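The following pair of complexes shares a single chain, chain A, combined with chain B in the former and chain C in the latter.
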Partner chain A sequence: MKIDKARYIAENFDDVCAKDRVFLNNPVIFHSLGIAPLVVMDTSGRNALMLFAAVLLLLPIVRVVPMLLMEHFGEKARPMLVCGVAALAYIPVYFILYFIFQKNLLSLGIYLPMLVCEPLVIQRFEHTLDAGISQTVRKSIGFTLGYGLVLFVLGLVREFLALGQLFGVQVTKLLFFPLASTPMGGFILLGLLAAVWQYGLIRYKKYVNMEAKRTV
Partner chain B sequence: MNKKNRVPAPDAGARYYSDVILCCIPVLIMSVFFYGLRPLFLSFAAVVTGNLIDRLMAFLRDRRYDPHEHSSECFALVLALMMPASVPYYAVVVAVLACDLLGKEVFGGVGCYPFHPVAVGYAIACANWPDLMFRFPQPMTRLPLYDLSQVPLIDGADMALRNGGLPSVSSLDLLLGNFTGPMGSTCVLVILACGLLLALRKDLDLVSSCSFLAACAVFVWLFPRLGGVSFGLPWQNLGVRLTMLRYELVANSVIFSAVFLLSEPVTRPKTRQSRIIYGVCLGVLTMLLKYHGSRETGVAFALIIMNALSSWLDRAVMLLTARKEARRLENR
Partner chain C sequence: MSTVFHDVSLFLLYAVLAVFAQNAIFTRSLGVSRMIALVEEPSLNSVLFGGLLVAVQLLAAPFGWAYATYLAPLIPASTLIRAAVRPLAYILCSFLAMGIVWLVLEHGIRSPRCSELKMLLPLATLNCCVLGTLLISGSQHYTLAQSLGFGLGSAVGYLFAVLLVTEAQRRLRTDAIPPMFRGLPITLIYTGILALAIYSVTGHMLNV
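Here is the complex of A and B:
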């Protein structure tokens, strides 16, 4: 790492973390957002892909549209706007997802419509909205990528441990942890993933500080 | 605090784990006698996994690895002995990972865990691989070290009891462990000898173990499960009740649990009265889960439930004792 970059990160670590929504400030690991669909339905790579597509389509709409409407309805209408847009946006999103994934989409069950009331999607109703569209879009993409990363990691790990498969392809006949396909196993693995992630963050912080102190 | 209620010294825990490992060795030798070298390799895999987890966690937490603290190895060995000799190596490794990581390290390591790590590991293993955990090879079968596809596996003696029947095992075979079951928990005579040694070294908590066994025995005596038949009053059909008592206590890992699991110094209650209540409740809960549970995991789940109440039992007993003492002083 270049010494200037290391010094900048070391001095502004909290700000850097706040801006990075994929690794250093992941919405699942550090804010516990989107846990319910993750623990219950994220049991395979295919389910992870479907949930990721749903969040990818839903999140930018729920972030951007209320911001545009706020100019007409005022600050007090913010919760209504965010929740209403989430509920309305779900209808076309569902049809798009159904067009792409066909009947496989039904395997997500109630957890797909429940995204509408998932804090990951509608948490902005609690805060004042962002300053501009570009910032909002950037944040929502960061959130989606961060959530997607955890979705894929957890989904693939669970599929491998429970079924010995990766994206439906049989990799091994050994079933290392069949419990991984249940919510209980999902919780355990998510906890372990969060622990490893936090450990990685601590090591990264130490590494950056060491690099910043380097004189040569 | 009087002598009976004294909390063990801090180093007593460390010695406990070494003593339990020592006492597991004769049990392991018996399982090698019954099934060949496979139990030895399984136990070795378990102990190595436990040790590696200990070292890994010491490294991750920036702590010094303590080579004299053997709790992980002890839990791994006891857990391995509770599994069938036919269980795959990866199942043992994953069970030990669950035992040490989820049962112990998640709560802060040795001395901090509220639930017995072996019970946690065993419960997770049973939930993971019920088909592997409840089917056993015949004793006196030389098991191959790797490929077990040709080895016939049968239900354990407990399955016959669950189905309302009786396993046909002679008394001598029951004592020696010559019947289908987990590789280490069937040889009752050896386990009792180990229990005696642990008791002499003050590692076995006789109060909770005896109250646990007594509660199990009374429960079986009052409610024997044979073909769903009611046996009337407790003093009727004594022969049948004795037979049921023999099978339920010996063929169900009850004695193994009483010797190797109940006396764990971190999770058991500290005062004498609470240990009696703990043992009795554990015995009743174990038998209830054995009678009505879906699988033969009675002791593990009962232990987890009772561990959750263990500190509360201590506090409740101490509070009652303090109140009684205050009343006595007032009356003076």
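Here is the complex of A and C:
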């Protein structure tokens, strides 16, 4: 790493983290958002893909539309507005998802409609909606990518450990950890993934600080 | 008389099941993100939150039951519309319940805690535990007594889980935990082990 870049990151580490929503400020690992679908339904690459598509379609609408409508409603109506927009946006999103994934979508059970109340999607009702549209869209894309990364990593690991498959293709007949497909396995594996992620962040911070102190 | 006894038994049975064997957090992970926020944020009063959750769940259950029994069958099942409008319908049921609780807090109760309760009310209402419970009650075609029992039990079970994890969090704030496991990782692993303990009682089918 170049010394100038390392110095900049070391001096502004919190700001750099805040801007990066995929690795350094991941919505799942550092904000504990969207855990329910991850723990229960993210048991395969296919489920991860369906959940990712749902969040990709839902999140930008739920972030932007309430911001545009906010001036017509009082501050007290913000939670209802954000959640109401999420529930209304779910109707066309459901049709699109059904068109793409057909009956496979039903395997997500109640965890697909529950996205309209998931803090990952409606988190904005707890904050004022004062950012610009482009900034909000950028943030929502970052959040979606960060969430998608965890979805795919966890989904594929669980599918491999529980069934010996990857995206439905049998890789091995050995079932390393059948519990991985259950919610308790999901909790434990997500906890381990979060620990590895935090370890990576600690190591990265150390590396950046070391590079920043380097003189030659 | 026997019908009343039967309904009361169902209510109690479903309430007890929802607290322990079908605990919202440990078996279905409903509202786990909110639980972690509650556990990590000392300014949020978990017991008040739980009390509001109980009120909202109990009030939303009859609305959810009425929708699933009388309104949903009017929409043809063959179309996708019934599935697409499901969350909107149940969110409206939650809003109705929230409105009633808010009115009671505004006009019926004189307490210094009222403003804190009003602040917590949207957090308790717009919670996956409420929506998830309504969705389960609707899709399983529960009766009114079953819906009420399941709603009450889910809320009490949620509060039970929050208190259990809060106590664990307090004990786990120690240097014996490696830095990489502190915070979310250890909370999730602990929750997973508790879920495993519950499954050891109720049983679970594995893909073996």
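Quick notes
Criterion: the second predicted complex is superposed on the first by the 212 of 216 C-alpha atoms of A that agree within 3 Å, B and C clash if a C-alpha of one lies under 4 Å from a C-alpha of the other, contacts with A are read in each partner's own complex, and residues count from 1 in each chain.
Here is the rule we use: contacts are C-beta pairs under 8 Å (C-beta built on N, C-alpha and C of every residue); 3 or more make two chains touch, one makes a residue touch a chain.
Nothing here was measured: the structure is a model prediction, and the numbers come from that model.
More residues of chain A lie in contact with C than with the other chain of the pair chain B and chain C.
When the two structures are aligned on the shared chain, A:175 is found in touch with chain B and with chain C.
Using the contact criterion defined above for the overlaid structures, shared-chain residue A:33 touches chain C, although it does not reach chain B. By the touch criterion defined above, A:188 lies against chain B and chain C together after alignment on the C-alpha atoms of chain A.
Look at A:199: by the touch rule set out above, it reaches both chain B and chain C.
Look at A:98: by the touch rule set out above, it reaches chain C but stays clear of chain B. When the two complexes are laid over each other on chain A, chain A has residues 175, 178-179, 184, 188, 191-192, 199 in contact with both chain B and chain C. Contacts from chain A toward chain C in the complex involve residues 29-30, 32-36, 39-40, 79-80, 83-84, 86-88, 90-91, 94-95, 98, 110, 113-114, 116-120, 122, 125-126, 162-163, 175, 178-179, 181-188, 190-192, 194-196, 198-199, 202. For chain A in complex with chain B, the touching residues are 174-179, 184, 188, 191-192, 199. Listing the residues of chain B that touch chain A in their complex gives 60, 88, 90, 94, 101-102, 106, 124, 127-129.
On chain C, the positions that touch chain A within their shared complex are 26-34, 36-37, 40, 80, 83-88, 90-91, 95, 122-123, 125-128, 130-132, 135-136, 139, 179-189, 191-193, 195-196, 199, 204, 206-208.
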